[in-house]
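Next come two complexes, and both contain chain A; in the first it sits with chain B, in the second with chain C.
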Partner chain A sequence: MAIMVPAFVFLTLFVYFPIVKGVVISFQNYTLYDMTNIHWIGLDNFRAIMTDINFGFLQIIINTVIWILVSLLFQFLLGFILALLMKEPFRGRGIYSALVFYPWALSGFAIGLIWAWMFNGQFGIINDVLLRLGLISNNVGFLSDPRYAMVSVIVANIWYGVPFFAIMLLAALQSVPAELMEAAKIDGAGPVRRLFSITIPYIKPTIVSTTLLRTMWIMNFPDIIYAMTGGGPSNSTNILATQMINKILQFYDYGQGAAFGVVIMLILFAYAIIYLRISATKEDATI
Partner chain B sequence: MKLLLKIGKALLLGVFLILALGPLYWVIVTSLKGSQEIYAFPIRYLPESLNLENYEYLFNISNFGMYFRNSILISLIAATGALFISMFSGYALSRFREQKLKMTLLLAMYFTQIIPTYMLMSPLFTSFAKIGMTDSLLGLTMVYIAMMIAFSTIMAKSFFDRIPVALEEAAMTDGCTRTQTLFKVVIPLTLPGLAAIFSFAFVNIWNELFLAVMLLSSDHNMTVPVALNSFISKAGVSWGVLSAGIVVALLPTMIVFAFAQKYIIMGLTEGAVKG
Partner chain C sequence: MKKTIAVLIVVMTLLSVSVCASATTLNFLEVMTSPERTALLKSMIAEYEELNPGIKINLISPPYEQSDQKATLMLNTNQPLDIIEVRDYTVKQFVNNKKLTDLTDYVNEWSDAETLTPVATAAATTVNDIPYLVPQSIFIKALFVRTDILAANGINDTPKTIEELVEVSKKITNPAKNQYAFAWRGKSFEIKFADLFALPYVEDFKNAKYIYSEDESYFLDPGFKEGMEAYITLFKEGVPKDGINWGFNEQINAFVSGATPFLIQDPDAIPLIDKLLGPDKYEVVTLPVGPHGFSYIDYGFCGLGIPSYSKNKKEAWDFIKWMSSPEKNGYYNEHYGPLPVHTTTFETNEHFQGKHYVAYDYEMNHPEQFLFVTYDLASEKWPGWAKIHETDMQSVLLGKMELDTALQKWADYWQK
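And now, the complex of A and B:
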């Protein structure tokens, strides 16, 4: 019992207490410009962020949903394809996996910077490749044009997330009993049939849990957007997480930043409850 | 048919490989180009010659060597600290008898896992400001230890769970104390798992940006991500220098990943929460 004390001292001082303090700040007028005048203002911060004309709240919510869903869909699909390709052993698979999985360990911020350079409107390699292939006739301002900015940050995020899904799904795929596959093969099931009738049902628990956990994780992953666009141009790539950070680092408005924090936490708690429900029913089914 | 399938598969694997390595290749190439070459048309896919001026700028004019040292120190100390603390808490949680208390403590750990770190930026900053602990590498190190404790504990617990209690009981009847049992029997058996926890913590701390940006202000305290962040806003820092900085920033994590990939993946697939 006593040996748990250090862990909880650290957690209390640097995690639990700051969370409570964050909730408190969200009901206060708390900006660095006005440090001598910190006082309670009720729900004013929440009202302010929801009626902000320059950073439309509805737009931010829609952006967040698009950011999550599109990233997740492609991360999963490409990760699943990669895992299927890597399932059977081949020469050099160990080295291959190190080379395709490495993005997973890199910093999201550094990845954002790399992709910002590749998507650069003047000197970016992506513009150059598309021009050479004849797919575009003029340079596209991927990150400066509100029409393309979201697609661009999502592409970077997909690149980042594929290894994670591939790692998790590959581990699950390798747990599918070989006898099951052999039996299906003897019964005359083709590869596609085997995939949908055996493999996918068998690894469904992994698919469900990784996808649900990843949803939450992507929602709370501002690093790439922060590095590539900072939420712009004109709010087009701003998600809840990046707007919270902008409120703190750019506008020095800790009150409104904290209000975003509370909104994010409420969503997280609601989501966690749904997640626990789903995984609970999943366990009931297997018992 | 079979051959065709094999070729198709190899081709697809090749495409994935190129897509995975492309951005890395490009940032390395950019970092090796001179300032004129970077902004020249047509874009050159191979550098004309190995030009190290960006790296020279990085280490001679900007203080990147110092930022690098700060980052290495913080990451090593905080990852070791987190590992040491969670070794005990993970072991305790694994061997707890009272189920109710155990579940509560575990839930308290899981709870912190759903709180993103950027949520703690301003509360930590304002508290630290009050006690004069802002702009301190020590302060940031403590925060990082706390940040990694929950995840490391949960992972450590899952590794200890797999070691039969009977083994410890045997050691204890042979006259080992509880602590001796832990260090001589249990920990040696979980070394790969502990290596995974350490590498995971190291990589996460090395990469952390937002808390560091918030809590550090003076130049000599900056970590590598903070330095890269300051480059973006600094006029006159070219994409070449930035690319060189990114390459240097990526190196340690890639080295750790190369050595510990097997263990990290093992830890990740064994009931980990954060990716």
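And now, the complex of A and C:
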């Protein structure tokens, strides 16, 4: 029992206390602007963020869903392809792997700044390359046009997140028994059949846990958007996490910021339960 | 001999211990952090410590992005602090939370207070007319002009009015040659640029106490709309569409590259542009005025204050007084970039007599043409207002919102 005390103290102090404190603040009038006037206001913060005429809650939710789904889909697909390519030994695999994994080591804010310059509508390298290739005839305002802004921040996020899936899925792929693959090959199963009938079912627990984790991280990841567009233009890239930061850094309103935090937490909690239940059901069905 | 050495060592040790024991450590939190400025502050602190052997100053330098939060957190939890950098955006909040010392008694006995510029005096007494800080640096705007680019386009005069600026911009803009006119600000306090175009069109603004407040705003004045229309025309006919997403870095880049030969900026952009472009390729002139012959100076500032709970107020004031002397303040701003706070510095410091500072000096000394007026930072409507304005302005420029709708929305927001 005593052996559990350090972990319990650590979790209580650094995980549960901040969570509880955040939930408490979301029910209070708590602004940096006037810390002498902190008081309970019930659900007012939640009402305020959901009826805000300046930053439409529905649009923020839609943006968040697009941001998560598209980022996750492409991060997973590209990460999986990379993992499959790197599974077989080849010369220079170590250096190649290090290069592939490098983006994962960078800070999200720095990545945002780098991509903001690359997507710059006036001086950006992406416009320059597209112009030289003759694919566009005029500069495209990637970050200033609402039609392209979300696509642009998602591209940066995909670039950032691919290594995570590549690392995790590669480790899982290497655990697939070679004998099983050989047996399937002898039985006449082609590469596609082997992928869907052996590889994917075998590494399914890794796929479930990594996609679950990544969904949570992407939802809680305002860094890239904040550095590239600040949620603009005209709210087109504003997601729950960036609006939470806006409420704290621009409005000094910790109460409403915490309310956004609670909304994110509740959505992720519900999502995790549903996702795990669905994936468990499918597994049972397979068995 | 050995005995003598031993006695000497003991005496020296005791002396050093007693010196250490009597030394006072002052904790100093800076917020406008940058590596260059932190190095500058450290060198000045070292000089001060050498002059005052009993004082040690511990400089705390959080990263800029988190510094205001760090300052608020340290003050609200009464962490040991004796000197704190306070700025226009935080002073009201700190005073509201009762965390700053009223410096009236100290300032009354400070002889150098007499030479503070009118802007610096106004900055010091921003909240309730009480000096809660001594300003160290002043930020005001002027128009930067790439005269070489204008000359290449057949323009030899710099615009004096907003109307002229818009007309010249239309004339030189040629997207096919990647030639535009104005380094637009689309995010991160773009409000400070939009208002500079709109309010000089409002005749009544001459008597304004604030740029706008809950008591008085000008959004529904026909002049304001006219000024906004001029600003929108400038965007449509003199700015790359990408400008909607431009912050400070993009503005500087567009100016230095020559893509936009007009830029409105604070003096701290001068050292940066000098480094990137050289001092001879551009001029700094006064802000273009509106149809009524005036513009305004929305002054930003940062300065030093003393936390209300500091146990070393006297020592902290002594350091602030030293930092704020005309000589030290001139040296500090010469290397940091903004404007100094003493009138005498403009007469004695060669750097501030340079050609790029003449316009700022002129603006500060002609209050009838460049009105001193600031945002109502004390209003509870102020925090977040810049973000709301930014979002609406982007919607207007993208054609997603009518200008009239935005103006009505802003008027409603600022109504009591």
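The rule we apply is simple: the second predicted complex is superposed on the first by the 253 of 287 C-alpha atoms of A that agree within 3 Å, B and C clash if a C-alpha of one lies under 4 Å from a C-alpha of the other, contacts with A are read in each partner's own complex, and residues count from 1 in each chain.
The working rule: a contact is a pair of C-beta atoms (placed from the backbone, for glycine too) under 8 Å apart; a residue touches a chain by one contact, two chains touch by 3 or more.
Given the structure is predicted, the values throughout are model-derived calculations rather than measurements.
Colleague: Determine, for the superposed arrangement built on chain A, whether chain B and chain C clash or fit.
Modeller: Here chain B and chain C cannot both sit on chain A without a clash.
Colleague: Using the superposition on chain A described above, determine whether A:T36 touches chain B (first), chain C (second), both, or neither.
Modeller: In the superposition, A:T36 touches chain C alone.
Colleague: So, A:D223: does it touch chain B (first), chain C (second), both, or neither?
Modeller: In the superposition, A:D223 contacts chain B only.
Colleague: Is A:N139 contacted by the first partner chain B, the second partner chain C, both or neither?
Modeller: second
Colleague: Please work out whether A:N246 is in contact with chain B alone, chain C alone, both, or neither, and reply first, second, both or neither.
Modeller: second
Colleague: Contact-wise, after the overlay, does A:F123 reach chain B, chain C, both or neither (first, second, both, neither)?
Modeller: In the superposition, A:F123 touches chain B and chain C alike.
Colleague: Quick check on the superposed pair: does A:G232 touch chain B, chain C, both, or neither? Answer first, second, both or neither.
Modeller: In the superposition, A:G232 touches chain C alone.
Colleague: With the two structures laid over each other on chain A, which partner does A:Y148 touch: chain B (first), chain C (second), both, or neither?
Modeller: neither
Colleague: According to the contact criterion defined above, which of chain B and chain C contacts more residues of chain A?
Modeller: B
Colleague: If we overlay the two complexes on their shared chain A, which of chain B and chain C does A:F55 touch? Say first, second, both or neither.
Modeller: After superposition on chain A, A:F55 lies in contact with chain C alone.
Colleague: What is the shared patch of chain A, the residues that chain B and chain C both contact?
Modeller: Common interface on chain A, chain B vs chain C: 120, 122-123, 248-249.
Colleague: Which stretch or stretches of chain B touch chain A in the complex?
Modeller: 9, 12-13, 16-17, 19-21, 23-24, 26-27, 30, 38-39, 42-43, 85-86, 88-89, 91-93, 105, 108-109, 112, 114-116, 118-124, 126-127, 142-143, 145-147, 149-150, 153, 203, 206-207, 209-210, 213-214, 225, 228-229, 232, 239, 242-243, 246, 249-250, 253-254, 256-258, 261, 264-265, 268-269, 273-275
Colleague: Enumerate the contact residues on chain A facing chain B in the complex.
Modeller: 1, 3-4, 6-8, 10-11, 13-19, 21-22, 25, 30, 81-82, 85-86, 96-111, 113-115, 117-118, 120, 122-123, 125, 128, 159, 163-164, 167-168, 171, 213-214, 216-217, 220, 222-223, 226-227, 241, 244-245, 248-249, 254, 257-258, 261, 264-265, 268, 272
Colleague: Which of the residues in chain A come into contact with chain C in the complex?
Modeller: 31-36, 53-55, 120-123, 138-139, 141, 143-146, 149, 229-230, 232-235, 246-253
Colleague: Inside the complex, what are the residues of chain C that reach chain A?
Modeller: On the chain C side, the touching residues are 69, 72, 76, 92-93, 96-98, 175, 178, 186-188, 240-245, 250, 253-254, 257, 259, 380, 383-384, 386-388, 390-392, 394-395, 398, 400, 409.
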